[in-house]
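Scrolling down, you'll hit the structures one after another.
Both complexes below contain chain A, partnered by chain B and then by chain C.
== the complex of A and B ==
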C-alpha cells in the first residue's frame, strides 16, 4: 500500500510536468492551429540555456531568469515569427512537418555546441523528505507538484478571470468577430506563444534535475505530452492538465504492476482506446475551440 | 676517400636494416576518434609509454619493440577494415580494439591469421566462443561478477538482494552471472528488475526496490542511467547499501549524481587510484609524459605490451605461432616483471584472474576500501 502511495506521488509529479507541456500543445493549437512536434525539444533547450548562463558565471537564480527570458524570445517570439508565420499559409500539415525538422535542428545544435553527454542540473527544490499521512514524501516531488499547480492555476485565472484572457478566448474561438469588436488578434496569438515558451521553460527547470540535461531528453517528454494532450482533449486546457496527470500516474503504475519493458506501450494503448471510443478526448468537446 | 665514404654509407645502411629487421612489430587498432576517443587515446598512450620504457632498457630478448597505430573511429566496421590491413603487415601481436563490439567483429580475422589479439573489451561472450587467440587485459563479467556476489554475501551480509540491470547484452550478461552466483552463495534475489537503455524515469523501479525491502541493491546500468537511479534512490529514501561495478561509481556518475552517489560501492578491476606501489608509479610516469591522469584504459594498454614482453621472454624466442599457446595458463608475477603491475594468471580461454578493488564513493571521491584477492 505504501508502495502504491509512493507511485501515485511520483506519477503525479511527473504528470504535472507532462501537463505543463501538454497545455502548451493545446494553447498553440487553439490560437494558431499549430501542432508543435518540437515541444519536447522546447523543454530540453531552456535547461541548456540556463547551464550556458551558469558557465558564463551567472548565479543559479539569474541563470533561471535569463533562461526563461531567452526561451520566451527564442521559443516564443522567434518560433512564431521565423517558422509559424511563414509556414502557416501553406496549411497545418507543412507547418507540423516543419516543426519536426525544427526538433531535429535543436537536438543536433545542442549536441554540437554542448555535448552528446548528459550534464548535471541543479534542483530548485531542496532534497529531503516530509511526512504526509505517515508516508515519507520527497520534497522534490512536492515542489514539482506545487510549482506546476501554481502555474496551471495562474494560467486558468488569466484565461477565465481577466480581460486579457477573455480577449485570448475570443481570438481563439472566432478570430474574425474578435477582430471586428477590436480584439488585437495577432497580439493575442503572440501572447499564447510566449505563454507556451514560459511553460516549457518552467517544465525544463523542474524535470531536468531528475532526467539530467541531455540533447535527447525531449523525445520522451514531447511524446508523453502529446499523448496527454490528445487523451485529455486537444481543445481544452483542463483536458491537457487532466491528461498529463493521468499519463504520469498510468506510466508509473504500468512500470510497477505490468512490466518495465511495456511501460511505454501502456499509455499508447490507452491513447488508442481514447481515439476509438472518445475521439474528442476525455474532457474535450467535439468541434469546439476555446482556450 | 671515396671508397671510405662508400664503405661508411654501406655500414650505416647495413646497421639500419639489421636494427629494422630485428624490431618486433606490434599493430594497434583502437578508438582514436569518435565516441570512444577517451578509451582509445588512453589505451594508445599506455602502449606508447610501455614501449618507450622497454626499449630504453634494451627491448625484448635484445630486440626493440615497434608499434603502428590505426584508428577504428569507434566504429566496428572501420575496426574490421583496419585490423585486416594491420594483419596483412604480419605483426607479432595485435593490440586492441577497446570496444567489445569492435573486438567481436575483428577477433575472427586475427584468429584466422593465427595472430594473438590482446584487447580491452569486457563483454562476457568475447572469450566464450572458443577463440584460441584472444586475450583480455581486464576482467570479463564472468570474472568480476563472482567477486561482486561474494562481496555482497560475505561483506555486506546481505540475505536478500535486489538486482537492477539494463536490458542489453552488457546488462543481461552481468545479471545472469551475478544472480547465479548469489543463488549459489545463498543470498536470495528478492527483486530482479530490468530497465531500458536511456530510461529517464526510475520512480517505479525504485518503488519496487522499496517494496522488496532488500538488504542490498546491486545496480548494473550504464553511467547516465546509474546517475538517474542513484538520484531516485535518494529521493525515495532507500537506505539499503548499493553495490555495482565501475559503471556505478565512475567519475562521470559522481559528477551527474552529485550527493546521491555518496556511499555507493563498486567493484573495479583496474584503477589508477589503487593502493599498489607499481600502479602509483605508473600513474606518475604517465601523468608526467602526457600531462593528464590516465583512466583504466591507460593501464590496459600498458599491461598489453608487458604481456607481450613477459610471454616472449617465457618462450625465449619471438614466435607469433606459439605466442597464444604460451600465454594460456601463464602466471606473470609482478616481482619478476614489474611492468605487469599486479600478479596475473591467464586462463585457457584468455580470461584473466587478478586482484581487484572495492571502491566506495566518499564525499564525491572514489576511495579504495579493500583489495579483493585473486579468485584462485
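== the complex of A and C ==
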C-alpha cells in the first residue's frame, strides 16, 4: 500500500512535468498548426543554457533567469521567425519534418558544443524527505508538483480570466474573425510561442535534477508529452494537463506492476486505444473536419 | 520538343544505371557499403512514398517494417534458409502487418494517423528488444550469411552491392508499373480527394489498406536486404528515428514524385558522409541543410525541378501560341 502511494506521488510529479510540456505543445498546435517534433529537445536545451551560464561564473539564480530568457529568445522568438513563419503556409507536414530536422540539429549542437556525457544539475528544491500521513515523500516530488501546478494555474488564469488570454483564444479558434474584431493575431501567436518556450524552460529546470542533463534526454520526454497531449485532447489546455498527469502515473504504475521491459508499451497502447475510440481525446472536443 | 526530350531522358537514365554498375567497381569496402545502404534505403523510402506521396497516408512506422523484414531475414538465413525465401516471408509478413496497421487510417487521418503509426513503431522496437528468445534481445543476431545467387557467392562487398542494386531495379520497375496501373491512379485519387474518389466508385477502404500494405511490404524487402548487408542486427537501428529519417527522405526528395525517394535516400545516406570532413559538425550541418531546403521548397528537391519545368513549359506554350497566332493572321 505504501508502495502504491509512493508510486502515485512520483507519477504525479513526472506527470506534472509532462503536462507542462504537453500544454506548450497543444498551444503551438492551436495557434499555428505546428506539430513540434523538437519539443523534447526544447526541454533538454534550457538546462544546458543554464549550465553554460553557471560555467561562465553566474550564480544559480542568475543562471536560471538567463536560461529562461535565452530559451524564450531562441526557442520562442527564433523558432517562430526562422522556421515556423516561412513554412506555415505550406501545410502541416513539411513543417513537422522541419522540426524533426531541428531536433537532430539541437541534439548534435549540444553534443558538440557541450558534452556527450550526462551532467549533474543542481536542484531548485532542497533534497530530502518529509513525512505525509506516515509516508516518507521526497521534497523534490512535492516541489516539482507545486511549481508545475502554480505554472498551470497561472496559465489557465491568463487564458480564461484576462483580456489578453481571451484574445489568444480567439486568435487560435478563428484567426479571420479575430482579425476582424481587432485582435492582433500575429502578436498573439508570437505570445504562445514565448509561453511555450517559458514552459519548456520551467520543465527543464524541474526535470533535469532528476534525470541529469544529457543531449539525448529529449527523445523520451518529447514522446511522453506527445502522448499526453493527444490522450488528453489535442485542442484543449486542460486536456493536456490531465493527459500529462495520467501518463506520468500510468508510466510509473506500469513499471512497477506490468514489467520494466514493457513499461513504455503501456502508454503507447493507451494512446492507440484513445485515438481509435475517442480521437478527440479524453477531454477534447471533436474537431470539425474540412473536406 | 517532346520527341527530342524522350530519347534524351532514356539516354540519361541508361547513363546513370551504367554509372551505378561500372563506377563502384574500384570503390573500397566502405564506399560500397554506403552505396548498398543507399540502394536499401531507396527501396524502403519508395514504399513510404507509395503510402504517403501517392496515397496521402502519413506513416511514421516504415522503420518498424524495415526492422520486421530484417529480423525475418536474419532469423531465417541463420537457420539455413536461402535469402529469397526469407525475402518472400519478409514481404508477406510486412504486408500482413501493414494491412492491419492500415485499419486506423480508415478511422483517423493526418496527424492522428501519424501518432498511431508512431506508437506502433515504438511497440515494434520494444518487441525487437525484449523478445530475446526470438530476436536475440539487445545482443542482436550476428553472423548473418550473405546469399548465393545462381551459385555465385556474394560474400564480398561488390557482388552484394550488385544484389542490392538488382533488387532496387526490380522494385523500381514494379513500382513504376504500379503507379501507372489503375491502382496507382486510385491511390492518387485517394490523396487528392477521398470523397470524390469514393463517389467515382473507388473502394477507398480497400485502397487505403492496400497503400499501407504495399508500402510496408517494400519496407520489409529493404529490411531483408539490410540484414545480410550489415551481417549483424540489433534493435537500435530500427527505433523511431529510422522511421523519422525515412519520412524525411521522402519529403526532402519530393513526396509523390517517382524519383523522390532515390534523391532523398541519397541525401540522407551520402550527404552526412560527404560532410564527414567537418567531423562533429556533420549531422548539425545536415539538419540545417534539410531545414533550409524545406523552407525554400516544401515539396522537396524535385518540387524545385517541377516548378522550373512547369514554368518553361508555359513559356514554350505561350511562345508557340504567339507564333500560331501570327501565322493565322498572315494567312488571313
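Keep this in mind: the second predicted complex is superposed on the first by the 287 of 291 C-alpha atoms of A that agree within 3 Å, B and C clash if a C-alpha of one lies under 4 Å from a C-alpha of the other, contacts with A are read in each partner's own complex, and residues count from 1 in each chain.
As a convention for this text, contacts are C-beta pairs under 8 Å (C-beta built on N, C-alpha and C of every residue); 3 or more make two chains touch, one makes a residue touch a chain.
Everything quoted here is computed from the prediction, not taken from an experiment.
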For the combined arrangement obtained by superposing on chain A, do chain B and chain C clash, or do they fit? fit
A:14 contacts which: chain B (first), chain C (second), both, neither? first
Who does A:100 touch here: chain B (first), chain C (second), both, or neither? second
In the superposed arrangement, which partner chain does A:86 touch: chain B (first), chain C (second), both, or neither? second
Does chain B (first) or chain C (second) touch A:261, or do both, or does neither? both
Touch check for A:74: first (chain B), second (chain C), both, or neither? neither
A:212 contacts which: chain B (first), chain C (second), both, neither? first
Should A:138 be classified as contacting the first partner (chain B), the second (chain C), both, or neither? first
Given the touch rule stated above, what does A:269 touch, chain B (first), chain C (second), both, or neither? second
After superposition on A, vertex chain A (C-alpha centre) with arms to chain B and chain C, in degrees to the nearest 10, comes to 70
Looking at chain B versus chain C in the superposed three-chain picture, what is their shortest Cα distance in Å? 6
Go through chain A and flag every residue that touches chain B in one model and chain C in the other. 261
Interface with chain A, chain C side, in the complex: residues 58, 104, 107-108, 110-112, 114-116, 118-120, 122-123, 126, 129-130, 195, 240, 244, 247-248, 251-252, 280-281, 283-284, 286-288, 290-291, 294-295, 298-299
For the chain B and chain A complex, residues of the former touching the latter: 35, 167, 193-196, 198, 200-201, 203-205, 207-208, 210-211, 224, 227-228, 231-232, 234-237, 252, 255-259
Chain C-touching residues of chain A, taken from the complex the two chains share: 35, 37, 83, 86-87, 90-98, 100-102, 104-105, 108-109, 111-112, 219, 223, 226-227, 230, 234, 261-262, 264-265, 268-269, 271-272, 275-276, 279, 291
In the complex, the residues of chain A that touch chain B are 2-3, 6-7, 10-11, 14, 116-120, 127, 129, 136, 138, 140-141, 209-212, 214, 216-217, 220, 251-256, 260-261, 263
